[in-house]
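Each chain gets a letter, A, B, C, D and E, in the order it is written, and its residues are counted from 1.
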Amino acid sequence: MIFVFSLFLLSLLIIIAIAIVQAKNLFVSVMLLSIFSLLMATNFFILDAADVALTEAAVGAGITTVIFLSALALTAQRERKVVGGRTIALIAVGVLASLIIYATFEKPRLGDPNAPVHQHVAPWYLEKTPEYIDIPNIVTAVLSSYRGYDTLGEVFVVFTACIGVLFILGAKPASLRGERNVERAGLRHHLIPQVVGRLLVPFIVLFGLYVQFHGEYGPGGGFQAGAIIATGVILYALLEGEAAALRAIPRSVLLGLVVGGALLFGGVGVVCMFMGGAFLDYSVLQSDPVWGQQLGIVIIEAGVGMAVCGALLSIFHAFAAREIAQ
Amino acid sequence: MIDLAVDALSWVLLALGGICVLIGGVGALRFPTFYTRTHAASLTDTMATLLVFSGLMLQAGFTLATLKLLAIMLFLLLTGPTATYALANAALESGLKPEAPTIPGRTRKKADS
Amino acid sequence: MYIAVSLAILVTMVLAIVRALRGPSVYDRVLAVNVFGTKTVLLLSVIAFLYGRPDFLDLALAYALINMVGILAVLEFFQNRTRNREEASRD
Amino acid sequence: MKLLELLGYYNYWVFAIALVIGLYAVISKTNLIKKLIGLSIFQSAVFLMYITMDKVEGGTAPIIKAGVEDQIYSNPLPQVLILTAIVVGVSTLALGLAIVVRVNERYGTIEESEILESD
Amino acid sequence: MDLISHLPALQVIVPMLSAPIIVLLHPRGLAWAGATLAALVSFAISIALAVAVLGGETQTYAMGGWPAPFGIALSVGGLSALVLLVVTGAAAIALLAARPSIDQQIELERQPMFYSAWLLGLAGLAGIVVSADAFNIFVFMEISSLASYVLIAGGPDRRALLAVFKYLIMGTIGATFYLIGVGLIYMMTGTLNLADMESRIGDVAQTRPVLVAAGFITIGLALKAAVFPLHVWLPNAYTQAPHMITVFLAACATKVSIYVLIRFDYMVFQPTMAEHDNQFALFLMPLALLGILVASAVAMFEGNIKRLLGTSSVAQIGYIMLGASFISLAGVEASVMHIFNHALAKGGLFLAVACIAYRFRDLRIQELGGVAKTMPFTCAALVLCGLSLIGIPGTAGFISKWLLITASLESGPFGWIFVAVILVSSLMAVVYIWRIVESLYFGGSANRDTVIAEAPLQLLVVTWIAALANLYFGFFPEVPLALADNAAGVLMGYGK
């Protein structure tokens, strides 16, 4: 039954995707993109990927929309009509689609328990995690220990994007159209959103912390928590104006969070090296290897959360600051 | 006996919630102007949230899940109307006039499609 | 019963998507996004029960909290645009 | 049964179609932001392919339930990979939008055709 | 575990963990010093790794202490050691010389972020090279790509932004294609570890998903490696990047993608998929030949000196692909040697260009008339590296071209066609290098009002180190040859 839902949602996904591409108004495209992301997350959830769905929710519904809107506010809102060049694109794309669909018919079908992916590496994770790491959420175990090096790479991808955006938007605008010095007021004179939003901000941050520290037991972890907390602070910035949010958490603190988080993660790895293990081998952190693993996971998840939260907020502020400067 | 009653009550609540959701959806699609559509969507949303989540809570019994359901319900009850208010306000500020068209769908202003 | 409710929600999602595609104004589309967001929260909660794993309600909770941020960002976007337009017409 | 088996591939078809819709937008649109929107659809489609792999019939999310024996769990590995890939996607998007904002400042437009004309 | 066994991990960790620290180093010059130090340390590590590999065994490392298919493994063999030498060497050389040029092109307050991105680029490239895990390669590919977008966006001209946007789109499509390919293989084999993939893919080698996966991975990586005709992003990106970044990226960025492509094709596909070697050769050889001819011809007519050299890079990538497509010991050895030698020649050339660019803003060739009178040392170095690029005996470039010609002759009855193509394109290289030289030495000096002097000592010394390296490795090519020999043996040995 549930797969019928999935079929249904997937068909909607295609319709929305076509509509996104067709829409001439970029704002409409962004709005539809957020529906696309919601649909995608629901599908992930139906396909048993609770952690991924939470991530898509935290990123797609909040952060992506906000960043897109800030970019739109700085550029144009409508797309111009274009002529020509479509046929070649359509042909190329059609060939690609038929190639992939050609490949599907020898793939294992959805949910097939005999598919090779369910035979090789994954059963080992499911079987050995209780013995080696002993936390219920296998996704967190794989993410932060077995494939912890990937996650370190992921943190550094976010870090690169953060300093990249700061670097690119840190350049002085070519033509300052007379500094108006108007502080963005936020939604201060909208009473209802103001009151409700203020009420909500602490809950969002609290929920973020819950996701952070509950990641070993339920869906969640550092990245989701970082994104959720960042969304909470962005809400505050929307309500009180960007300057107020910067007064609460200045840029230097954000940069400190990013750098600190990245170094915390890497530092744990280096400490493991000094204590005689391989890089990121948390077992050596404690006399009992299982405790060592759990300790390591808690610390690195904290690092991931700090880095992601700081990076997303820095990116948001970089865009918002540009808006004032214009 | 009590169990059965609770179960039945929860099913009734869920069914009512489902109907409410549907009505809201139809309203949001069929009503003639933006403000009337807002009206349909927002009111039924609130009601449906209440009904569905009460039904689910009865199913869950006294567990952590109930607490979470309660939290979700409260948040939805708070944010739903706020979001609708914000939206209607934005529309009004940017010049979309609320008016009652004589012929549905004809005279409404195309603000910015 | 869960299935019936989820079907009702799915149908409403389709209606919302039709509204989002038809417009006609951008506000209608934002309204549709908002409706869609609420329905997603409902659907996720119901599916969590359908799957028998109510501990996954975290996801619905996350949506319920985050959904409004997008809508408020839109409000702010419009507010700034209106203000800029007014200033431009004054200049 | 035959029909059901075909339906088992439906996710992969959706992956293929969403992928090419995104790619089409990237190739054929000249608006830079629209290109980025296409890029993010393109990447999301790949996430769908990976997540489709992880599902096992009768399985549940790989978070071990205390005290339940014989529970089948879905595959955790593709989920981990996609968690990482989602982050990568957002990072690329943010960087791309930052570049677009700068392009708009320096050229006064975000239409590729007009930019090429002005150089 | 002792220090030696940690080297593969340290190769990545040292530059990566230095990057966050560099961001905080705001006082003037400190960020540069820190970044240079980190790059030199990683260069030293790669030398140590090369020595260890030459001494015998492939170096492997289990990240997190988890055994291979479950955790992420690193491995450094002959090929990786050589590419690591190129990557870290290019970064170290470019950073050593960078300060005067970067001070000119990047505002002081943005420099810490710039140097940090540079180190991240280095860490990403090194991470790709040492990794033995297909998905891990993707993650580090993205680190290096994002970092290089940032670096190129630092270019002063507004066209840099458009070039970098195109590069971002192309790079992301390439990386996503790679990700799709890896996903399809994972779907059929259940593993991400390259060695494990090799042993398990045999059973499913003829299924459609694996065939399609081979296509996706080849095209995705070819896009990132700027193999003709997927090279359109490259000349613009190299032209518009800050001068020192061009030195770094031209010497190593595309080569790392070629390295992954060669590794995937030789290690995972060829031993297991019947006829794959023929398909690989038939697909890549015409592209390589066309790339060599077309790009060399286009380079002859380019006006901007950086653009000319960037276009020439596309032709050089063609040489590397040509060697690889012979699927013979000699061919692979020639290809690997050319990765090394081209990095030397092109790195040296772009360093010399950076010296010139320090004094002259306009880099169109006709505007550079008579520069040699005021900058004799720079121009001499440029000529030396140019000779190496052409492949004059006595320079490093000659060694790999000679190997390539020998390999072509061995490749079969049509070997003489390849030899002819190589000779013709070398003649074209003579033409485009001569155009530069002619303008520098014999062109009429345009009316310049500023006093022109030789480039700063820091830049000049490093440029000469690179130029002399071209000579040194022309006469004493034993070390890279030994590594290339090792690499070719390992690559051709899979599945035997």
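To be clear about the criterion, contacts are C-beta pairs under 8 Å (C-beta built on N, C-alpha and C of every residue); 3 or more make two chains touch, one makes a residue touch a chain.
The shown structure was predicted, so the numbers you read here are calculated from the model rather than taken from an experiment.
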Given chain A and chain C, the chains that contact each of them: B, D
Farthest chain relative to chain C (centres taken as mean CA coordinates): E
Inter-chain pair with the most contacting C-beta pairs: A-D
CA centroid of chain C to CA centroid of chain E, Å: 47
CA centroid of chain B to CA centroid of chain C, Å: 11
Between chain E and chain D, distance of the C-alpha-averaged centres to the nearest whole Å: 29
Contacts with 2+ other chains: residues of chain C: 13-14, 23, 26, 30, 32, 51, 55-56, 58, 61, 65, 67-68, 72, 74-75, 79, 81
Where chain D touches two or more other chains, by residue: 19, 23, 53, 60-61, 63, 65, 77-78, 81, 84, 88, 91-92, 95, 99-100, 102, 106
Shared interface positions of chain B, touching two or more other chains: 75, 79, 82, 86, 89, 112-113
Which chain pairs touch, all of them: A-B, A-C, A-D, A-E, B-C, C-D, D-E
Interface residues, chain B side, partner chain A - complex: 75, 78-79, 82, 85-86, 89, 112-113
Residue ranges of chain C in contact with chain B within the complex: 1-2, 4-5, 7-9, 11-16, 18-19, 23-28, 30-32, 34-35, 38-39, 41-42, 45-46, 49, 54-55, 57-58, 60-61, 64-65, 67-68, 71-72, 74-75, 78-79, 81-82
Residues of chain A defined as touching chain B within the complex: 25, 187, 190, 192-193, 196-197, 199-200, 203
Residue numbers on chain C that touch chain A, as the complex places them: 3, 6, 10, 13-14, 17, 20-21, 23, 26, 29-30, 32-33, 36-37, 40, 43-44, 47, 50-51, 55-56, 58-59, 61-63, 65-70, 72-77, 79-81
Partner chain D, residues of chain A touching it in the complex: 3, 6-7, 10-11, 13-14, 17-18, 20-21, 26, 29-30, 33, 36-37, 40, 43-44, 47-52, 55-56, 59, 63-64, 67-68, 71-72, 74-76, 79-80, 82, 85-86, 89-90, 92-94, 96-97, 100-101, 104-105, 107, 109-113, 115, 117-118, 121-122, 125-126, 129-130, 136-139, 141-143, 147, 150-151, 153-154, 157-158, 160-161, 164-165, 168-169, 171, 173-175, 217-219, 221, 223, 308, 315, 318-319, 322
